[in-house]
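In the two assemblies presented below, chain A is common to both, partnered first by chain B and then by chain C.
Showing the complex of A and B:
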């Protein structure tokens, strides 16, 4: 039996095939690199050669300026595209299955549509609509189809009928006291909300997943120290910290995102750790280890994908918290009033609530719907990605 | 047979786990060896340390809390002295594993093909196309119909038997010299079981692998084994050629174990009692508390040394010590040995 039999299948001469594959990257990673490189170069150019008060694209005649937040936002969009959208396209069968499961939840489908509008509006809206400008003369214009007592308006843009100023399409959702267009404000607010959603998610996911898996795999006292650190993070008074930073440095949107996401990953890390621990007990993890895979490979290729469904759900449910926190801070007047967020808009209208409720209501309803949408989608994702969880709760 | 070289030699293998209640000894000074192209079965009831023993060979036992001592020589290199990266080179490439439960041994996030390719690419710098071709070839080899079209299917689209075939294909990617099969047929129904055993048999011939087969199913043992190692509570009770053990089981435990085999018209018995507490094993022979032939000498000292009872067959039982009357146990051989025909017929 020790002699080779003729029908034995070819022993491949591996040394011949040993082309260096180590530098092979997946198409996703190549795309990510290709997309990120110009972005990094642009940032470098902006940082090195363009004056602080000059717009990034001044050289080509555009007045649009990019701040660090914009760069990070675009970077997270690339991440989102190359590691979430593209894989969905690459695995059509899986995508169809998830979509079928997801579709069963009607409110979630509507929510997805709504978030699509907010996303697209936030991305291209600012390019089409000019930023809301201060103009005292056209303050307190009513939304289209509504009217307001002439006494409250300095200068009615539309017609005045029976002493009431009628709304016009020029300001479909009316204007604020300062004459800023509410609709334009909402569209600009979409950008802010999307920036908050994407950037916080990226930061929380990156720190949380790394921390959680390392902690689960390191075990022993490393695990102990890391988890106690998570306890500290979780019990940290983020709000007070933010106030302190606000007091010292002044707090823009970037600072808000940084501070709040830097203290929000504790729950994710803990969750990832417990999930990783249970996944790493699975037989297929042993099977992978036994076939000679390194720990990094086991974690990266097997543990994280198996935990991913839970993480995605958890992160989706984390976003509304950030949006609300930002709105609350803006409403309280803490935060950068130059940032055209929904919260700022709501805060701007709070003194005129009696006769111009649209200033508060329009962005308020948009904010409400967006938060509701994230929650619905989170629920639907939980069911679609993680059928076991559904079975457990049933 | 005599020309065969020893492939794996395990000596005094001891695996302990530190638990909150003290040191748990799962495998206690076990020796065995596997020659090239040979099938060795480790037999014993659940909890007797079979699986831990095989997992200690490639040291995938979690350390800590586990601790593996002794010596495991594979092609004259000591695996227990190797570093983790060195071991990774051996795992899955020179020594491959297959498991009891193919449903759980696959990652449901990936297609079956992806997983075979992964197993391949862990050890080899091969292009994706090359790996795909080889993977399909292997799937074909292990008897999966329409291998190329099933390459992109997910594990849940395979039946249990097919999954086990895929697991075997994954194990074969590195042309292993030793295949460790940990109850690979236990989760499968009898007809599929037979197919898988036949497949392993064919592949063994083709790849000239040694197989270390762990099972509690004596029917399977009869079918596949060349040699048997009977384990109980972390100790080796008896070892020998498959025919000898089935025809003339020497150790009372082996006899009882064989007695448990369901036979048409025969008595179906279990072994009264349970495995001893691994945290606090009894003195003397581990099996003594459940043994019907136990005498005072059985419950003192350590596990009795292994004594040659027949050429090539050794048992760890005090009754075979020189100067003792071993007829007590020799005669205690189960009823079926009276008509040895019946037992050996299971061996075809």
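Showing the complex of A and C:
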């Protein structure tokens, strides 16, 4: 998908082909470099000149701090934009075709809308809404249009009607026991979820594709050893391993992402390997080889683009597992309690479930919808991107 | 390679995998600061003694001053001889604590597994037989719902509705209830239901898509033309080939769910099983018990994968052992 395809077969720009050298960069790569450079400089500045406890943008009066995870998140966003969104724009014909196929699955279109909300909310939300803060006095405020017995609230923000505290727009989804705004908590949780989704996907894709293609092309005993290694990775109890690491060393969100993506790429690698073995048997690969293309070029320009569509589907179906695992750990209360994730909110409201169910329900439903959306989209992508798979299963 | 040889090689490989996983666990533990030693140093400092001498004494007591390979051999030997040490937090041998917990875990795991394995393919084949009818849509919707809803969240909600509001089921788990009693059924029905909805979706989807292929196959047409009853036709001609691809994914999925969800479900419903044991061991920094329960889960995972491969070769006689 990342390759530039001519619109018609009979019109080939020979001058462009003959001028291309090995290190010629496509517009996407140039864009990627141009975007990454300031990011790297900012990171260097943060690393070298900003104190340990100072916020990154203190010099210009902003209190927002960036940690390594944020840098990596922005980097994956750039990757996503320059190698997925931009190619779609560059190939309008294929984009229209994919969209036509995708649109046939209505739940998936709705899901895409929902994920769009989560994505934009996660990116922009924290800039617009201030982080939820503790204020014991305004704990257990009900959501708007709902009410709660006055005895359960220390200080009602809204009106009190017939001894029941009414919800206000100040806290659209109510507050927790500690008075943290649930809506703000959900928006901040969106950022965490998006970080998990993007960063794990990038790591899994990078390791999985490299491992799979190398294994397929190396062949022989190297292939055998690499695939046995994948077997071990796949039979590892990741959740327990993470608990163990957490227990011994203590771990935050970064460690979570690292451990879970380090054990999740096994399936992708296996898949890429079998796919690239079958692709490398195709006639056009032989033709490319006869024309003198190096193995690297064959893999980069022909094998990876041809397996890309199936990998995208597979990765989409991996993400819900990560989100769920994070929520589970946060719910158990053994993750980093400073990370304002959805699971954290669910566990915060568990003891007050009987009279203040919104604290558990709102983040729980948001988590449920997000996982559902990823599953629907994965299903639709499977149909839109590989028609053969549909033919096989139908 | 014959069948016997293949099974032998596969079992050997399972042993190697379990050995590698335990080795990594050992290295992780060896590289980490031991809480007991820190404790000893703090104690000594508080009582006015020499912390570094206390650390030395504690290290010697626990055999930590020996070279790494000696400790490693010791570790491996004690694992395979089931000498798993003493659990500080529960004041009993680790193996005993694990066995006790397994007793409670089995009480909900066995009904859950049996229900998933029997109901999943049945509903899947049924919805393939009635494809695109409202029954199929209901089943598909249920599958997606169960697949997407986080188990622990679903458990909390059900507990709120049926335990707190309607008071049909008890809120807290009673360990003294006999295994085969109405009381036990009532307190286990929610955890089993939650786990079944979580795991049945994938099974249903796979068996639906796989069996759809056989609905219009020639052998099915022949069977129908001969006047075989629909029940028999589906049971013998559709169900059987469907089970082969299903068996490859089933065990792995159940295991993944078992390890992740059983912990959560046990915490939510207060069942003192393996998951809760692991969790409490983590909280109370009981290293031996943490290690022991990790080993149990690893062992279950490795054996499960082994069984899956073996069942697959038995079910599908076309498999060529040389390829694998």
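The working rule: the second predicted complex is superposed on the first by the 371 of 394 C-alpha atoms of A that agree within 3 Å, B and C clash if a C-alpha of one lies under 4 Å from a C-alpha of the other, contacts with A are read in each partner's own complex, and residues count from 1 in each chain.
FYI, a residue touches a chain if its C-beta (ideal position, glycine included) is under 8 Å from a C-beta of that chain, and two chains touch if they have at least 3 such contacts.
All figures in this text were calculated on a predicted structure; none of them were measured in a lab.
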Q.
Applying the document's definition of touch, where does A:214 land relative to chain B and chain C: first, second, both, or neither?
A. neither
Q) Thinking of the overlay built on chain A, is A:237 touched by chain B (first), by chain C (second), by both, or by neither? A) second
Q) In the superposed arrangement, does A:282 touch chain B (first), chain C (second), both or neither? A) first
(Q) Between chain B and chain C, whom does A:306 touch in the aligned arrangement: first, second, both, or neither? (A) first
Q: Could you look at A:86 and tell me whether it touches chain B, chain C, both or neither (first, second, both, neither)?
A: neither
Q: Using the superposition on chain A described above, determine whether A:331 touches chain B (first), chain C (second), both, or neither.
A: second
Q: Return the residues of chain A at which the contacts from chain B and from chain C coincide.
A: none
**Q.** Residues of chain B that touch chain A when the two form their complex
**A.** 3-4, 36-37, 58, 60, 64, 88-93, 96-97, 99, 101, 104-110, 118-119, 121-127, 130, 134, 137, 141, 152, 167, 170-171, 173, 175, 205-208
Q: Note which residues of chain A are touching chain B in the complex, please.
A: 1-2, 4-5, 7-9, 11-12, 14, 17-22, 93, 220, 282-284, 286-294, 297, 301-302, 305-306
Q: Spell out the residues on chain A that touch chain C in their complex, using ranges where they run on.
A: 231-232, 235-237, 239-240, 243-249, 320, 324-325, 327-328, 331-332, 334, 346, 350, 353-354, 357, 360-361, 364, 367-368, 371-372, 375-376, 393-394
Q. Within the complex, which stretch of chain C touches chain A?
A. 13, 17, 20-21, 25, 28-29, 32, 144-145, 147-150, 152-153, 156-157, 160, 164, 209-210, 212-213, 259-260, 263-264, 267, 278-279, 282-283, 285, 290, 293-294, 297-298, 301-302, 305
